[in-house]
Amino acid sequence: MTNHWNDLQHANVLMIIGANPAENHPISFRWITKAKENGGKLISVDPRYTRTSQMADMYGQLRSGTDIAFIGGMINYVLENELYHKEYVANYTNAAYLVTDTYSFEDGMFSGYDEGKRSYDKTKWAFKTDEDGKVLTDPTLKDPNCVFQLMKKHFSRYDVDTVVGVTGTDKKMYLDICKTYGSTGEVGKAGTILYAMGTTQHTVGTQNIRSYAILQLLLGNIGIQGGGVNALRGESNVQGSTDFGLLYNNVTGYMKTPEATEVDSTYQGFLDRITPKAGYWVNTPKFYTSMLKSFYGDNATKENEFGYHYIPKLSAGKNYSFMRLFDAMYRGELEGLLLFGSNPAVGGPNARQEKESLSNLKWMVAVDLFETETSSFWQKEAGADPASIQTEVIFLPACASFEKEGSVTNSGRWMQYRWQAIKPKGESKADLEIVHMLARKLKDYYKNSSNPADLPMKAMTWDYGEHDHPDIDLVCREINGYDMKTKKQVKGFGDLKDDGSTCSGNWIYCGFYPEEGNLSKRRDSTNEGMSNFLNWSYAWPANRRILYNRASADLNGKAWSKDRVGIEWNALEGKWMGHDVPDFVVTKGPDDPTFKDPFIMIAGGKGAIYSTGLNEGPLPEHYEPFENPMLNSFSSVQFNPAVQFGEKEMNPQGDVSKYPIVATTYRLSEHWQSGAMTRSLPGLAELVPHMFVEISEELAKEKGIKNKDKIFVSSARGEIEAYAMVTKRFKPYKLKDKTVHQIGMPWHFGYKGIAIGATANHLTPHIGDANSSIPEYKAFLCDVRRA
Amino acid sequence: MADYIKFVDVTKCDGCRACMVACKNWNDLPEEPQDFSGSYQSHEKVTANTWNVLTFNEHQRSDGNFEWLFRHQSCLHCVEAACEKACPEDAISHTKFGSVVIDADKCVGCGYCVQGCTFDVVELATYKDKYGKEYRKAQKCDLCTSRLEEGLKPACVTACHTDCLIYDEKDTVLAEAEKRLAVVKERFPNANIYNPQGIKGTTSVYLLADKPSVYGLPENPKVPLSQIVWKDYAQPLGKALFGVTTMAVVGAVISTAINKEKGGHEGGQDHE
Amino acid sequence: MEMNVTRRQFLKLSGAVAATLAVVELGFDEKKARAESSDFKIAKLKPTPTICPYCAVGCGILVYSTEDDVVYTEGDPDHPINEGKLCSKGTTVRQVYTSEKRVTKPRYRAPGSDKWEEVDWDFALDKVAKNIIETRDRTFIQKENGITVNRTDSIAYLGGAALDNEECHLLQKLFRAGLGLTYIEHQARI
Amino acid sequence: MSNKNKQKTIKRFNKGFIISHWVNAAAFFVLYISALPMYTEFFDWLYPVFGGPAGARLVHRIAAVAFMLPLPIMILLDLKGFKNWMKNIFSWKKHDIQFFKEFPKEFFGRKAKVPKQDFFNAGEKANSWLMIFTTLMLIFSGLVMWFPQNFSQGVVMWAYPIHNIGLGLAAAVVVGHIYMSIALAKPSLRGIFKGDVTEEYAKDHHGRWYDEVKEENKKKHA
């Protein structure tokens, strides 16, 4: 999140789209309810009337996969009615940037498309620069080639009638939502957008979020109290695990993974590639070298390029993401799979086919608290024939969160420590202990190997204590980083060096463990102001609670309006003051020429209304999902041109003639993710014991289905049986030229645990977003019939 | 009587059901998974081991608006409790907090309270004793009296994050409720404070988003005439009658004995 | 390690003297309800603060535990986000400990077998190490068209969202920096 | 007529009537004892006698079934007696009313001029009516309480008070009935046990019935 949970109470209007916090982040409603009590308005945009919608003042129904149409229409409304925050847009966003003439947009396609590679040449969209590379601008925002005008022209095609024809939203309600949310463009007002997987799990997922960012930049809602673009993350430490780079294309701190290319063949070449000329990322070499020092300690020297070559380089251009991983497994290229608290047989897309591919593995290691569907894929219960599956499976029992010590990072980037209440149950162990014991065993094996291939294992330092249980404090110190000579903890990532004199496991967390102690253990809950709780735990980066908070003040450092004071320049004291950690050097005043702009991470520091970083275009454009019920009304391009296709057999496509009903999946407040940690608890199994599918009364009548009947739901990839829950909360969509039905189902269920049921992900497509490869769970086609 | 009440503002409830689980968590109540109900509601009503149930009601209002009404269904702890009145063992009583509690040792499981309860809340739980013989006990929410005595709020109130459930001083809460009702009426025209005076009010007061009948609650419950007749007249009269007849018999015995000395012969009856 | 847990008292009942844990003698004979049969269950236990393992709101929970059982859990009143409140999942976190579905001993499934065997940790970890070593050494690529790559594309690692930060760091260090895995993914991707 | 050594007796009740009476009495007694602890906690000490509340309820239910048998027994085994009983309790004459004026004096052992009474004197008629009325109350309300699920909430709610009142009245009637049979009209006990009563008792308490019998005997012998 750019802001955090307690900050939601400061919003004047909260738009919840692609999320259902009342059910999946219930306690967030403590602060959303406070916002409503202070007169705030709550908008819920969802294909289904959820418990969040019941709490909302306005409910807009939209067909799954049409977020960009919906938000594009709002952007158009804000521009046409000039509701945007003019001074903010002119100064803090790249609205004034000029774009080269090679940019063009015609009938859904941007310039520079390569049909064969299904990708764009992004240089075609670059900004116009003078000879020494400075971007040309038109502060009056009149130039037809400036970002502002291009955006205006682009979204002018998203008029209300076309939009509601695509999304199926009631027109009057849609205008009401545009007006209400548009009102937050007023100076002093704040609007916040809360989103989750409903937004991201599409083939246009990243562009969905881009459209939120554009809308929020236009309304001046970023960097201010009660504003921001806030992702409600689903797991206790998914934020932490992403921060720590457990992704193929990221190492810690969102830095890049090297590739096997000529450029990356040297450390310096690699650093030059991934370090931008401007913006805070210029410090990447300091962070990367410090990371390498934390991996290899003294074995990382200037001579061996700080152990750069010990890290694996990806095969150039190869995609190793989750779905491609299962494609590889399907093709038998993978021999071993290590699962640490992960259950893809229920949570993965096209889960039935993914489960089949597991039998191609030679061995699997599953570390979990409960027996999961994935770790027992070979059992008869899973519909498998054990004799024919040769995979060797080792199940290591992990202990629960309160049976061990450690920290987790919540959605608001708060790194919170948690203590051990009781020793692990039975012989279960903390994951920390498991990986520690495994590492020591492997280090011992490779100790005196002369094979150069084992150099990385020998160079990797592992000194967290000799006995089974590692000294977690040493791990924390290493994550924060320290001076290699004095072993003194580094105060903040500003002090990291690229000469190998400092180490830091994760630069964005650097500063959480200064010499005084581990700040994530802080439990002082006094509210100094703005409910930022600066002395409760630690928020990365640098304990900042609201990102880009420079934007909460105008050009001369004063708050935009008296009733929403963020960070203000105090001329007397000569520094920025306020109840948050400023997003920049405290002593650099508003008139300091070297620093002007709030968006410190981007070169030029301006909010990216127009961004050349994404694969399918600098501005979001609506494309229909992989399986869609109608033709694209905005252009003749049906499907996102930049999406890469994986293994054909893993992803059969359903046609609307055979599967006319739109379907989506979602979660419940009583279960969690693949249900392994909730369907085995009697208390929660009692609340939701059965798998069900929610269908509208109209569809039920059409198919002769009564409430509580058993029904079959089928898609091009599989079929499941579940109870029918006939409800008023799904309504058919009256789209441009036809009526389309939509159904939805929770995806928590599997065949293990107390509450068992069919796995919804047997139906979902095995294709994902053009940038992040996140699967398109949220919009596919299916058919329904009585059992 | 109780200077604290439990207030349930259903318009603030977002259906997370923490109250249901917190109750079982504190009172160590066993789980009772039910068949598929056709809605998000897990139990049809409160039972002997499920002391509060979150009801989900997809309500299409006459004015066309659709509302998904949630209610924390639980014992209302009536000031004039029909269960207390019905209980022959005097096992049900009011604590100083206004909560209506059942003394498990005194309860004989006769079920009079189950039939009598105005809101169909209390139920019988079946147990097996050492010899495997079954016996029953009436059980229902006791407003976490054990917590109240330690100065803690009821478990459901402690868990409720939107402050739909609050437990506080009666007057401040009711004043607050009136203010809240005015605000809420704009979206819920039929909203009302449900504190039925027919039973002299309850210690658990509701702010409902629609008429009580929409929630299956009696519009204005009173202590039924049958219970009054039974417990205020029949029972005492019965006992009195029992006393009177025994007195009459004793009187007769004495007076007959006295008259006997006066020579009245047996049968004392002559005929004309 | 210092851990200042302040159990704020938030009920100023006119009658109930909350200070002492002894039961205050009440006006009329108090007929105790069944639930009160055991003595006040969390009276003697010291709570340990933890963070809920479920969603990313990061609510604080107090765990009241004895040597070998988690007696009761409740929201942490000092935590600024949930202020002592919890949702249905957070409230049942005790059952993560008490559920008899918990696996408490390492298990092993031999190829082709149709059941688990319970094994001890040494056996299990040896098997894991042996498999990793055997596959890695056989499939490790040191150089690819002249460039040092030091990777293996034959072992995949999935997981992380439910683990602690410290664990994520060590996992990253071992599997990427040490063993050279490239297929490193977790739930943020799906 | 069996002539007891001293006094001559007259046949009063047949076997059927006696059995029915005593089944009714026994059932009522068991019902009464097992109901006492349910009725008031003063008698809670009775519960263990029945093996706990559940036992008491079981016994109560068995006795309740027995309590419904007297009518069928009487009709089957002593239809004549039943008819006679019905005829009696439906005939209310002057002498019956006068009985009530005089009876209280007799009850307290003082002189009373009571007119000749029928087979069942007015007191017994009243007792019969009270007993019938309370039995019906108890049986119907009892059945409703036993199977509440088959009845509407209102009916069930009223069943409890009716049962309670029924018990109160019935208990009082029975106490009176037992007292009178033992103290005031001791010889009548013979009748309900052996079936015949002394002539003298018949003459004193049931003059009209005694005359009828005398009349009949004269006709037979003549």
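For clarity, chains are labelled A, B, C and D in written order, and residue numbers in each chain start from 1.
One rule holds for everything that comes next: a residue touches a chain if its C-beta (ideal position, glycine included) is under 8 Å from a C-beta of that chain, and two chains touch if they have at least 3 such contacts.
Owing to the predicted nature of the structure, the values given are computational and were not obtained by experimental measurement.
**Student:** Based on mean C-alpha positions, which chain is nearest the centroid of every protein C-alpha shown?
**Tutor:** Minimum centroid-to-centroid distance belongs to C.
**Student:** Would you indicate which pair of chains has the most C-beta pairs in contact?
**Tutor:** A-C
**Student:** Farthest chain from subunit C, going by the mean of C-alpha atoms per chain?
**Tutor:** The chain lying farthest from subunit C is D.
**Student:** Between subunit B and subunit D, what is the gap in Å from one C-alpha centre to the other?
**Tutor:** Averaging C-alpha atoms per chain gives centres 41 Å apart.
**Student:** For subunit C versus subunit D, what separation do you get between their C-alpha means, in angstrom?
**Tutor:** 75
**Student:** Go ahead and note the Å separation of the Cα centroids belonging to subunit A and subunit B.
**Tutor:** Centre-to-centre distance between subunit A and subunit B: 49 Å.
**Student:** Return the distance between the CA-based centres of subunit A and subunit C, expressed in whole Å.
**Tutor:** 23
**Student:** Note the residues in subunit D that touch 2 or more other chains, in rising order.
**Tutor:** none
**Student:** Mind pulling the subunit C residues that touch 2 or more other chains?
**Tutor:** Residues 82, 85-88, 90-92.
**Student:** If a residue has to touch 2 or more other chains to count, which residues of subunit B qualify?
**Tutor:** If we look for residues of subunit B contacting two or more partner chains, we find 16-18, 20-21, 25, 106, 161.
**Student:** Return all touching chain pairs.
**Tutor:** So the chains that touch one another pair up as A-B, A-C, B-C, B-D.
**Student:** Flag every residue of subunit B that touches subunit D in the complex, lowest number first.
**Tutor:** 86, 88-90, 106, 108-110, 112, 115-116, 133-136, 224, 226-227, 229-230, 233-235, 237-239, 241-242, 244-246, 248-249, 251-253, 255-260, 264, 266-272
**Student:** What part of subunit B is in contact with subunit C in the complex they form?
**Tutor:** Touch residues, subunit B against subunit C: 3-4, 16-18, 20-22, 25-28, 91, 93, 95-97, 101-104, 106, 137, 139, 142, 144-146, 148-153, 155, 158-161, 167.
**Student:** Please name which positions on subunit C make contact with subunit A in the complex.
**Tutor:** Interface residues on the subunit C side: 1, 3-5, 48-61, 63, 65-70, 78-83, 85-93, 95-97, 99, 101-114, 116, 120-121, 124-129, 131-133, 135, 137, 139-140, 142, 144-190.
**Student:** Mind pulling up the subunit B residues that touch subunit A in the complex?
**Tutor:** It is residues 12, 14-18, 20-21, 24-25, 31-40, 42, 58, 60, 66-68, 70, 161-163, 187 of subunit B that touch subunit A.
**Student:** Within their complex, state which residues of subunit C touch subunit B.
**Tutor:** Residues in contact with subunit B: 9-16, 18, 21, 23-24, 26-28, 30-37, 40, 43, 72-75, 82, 84-88, 90-92, 94.
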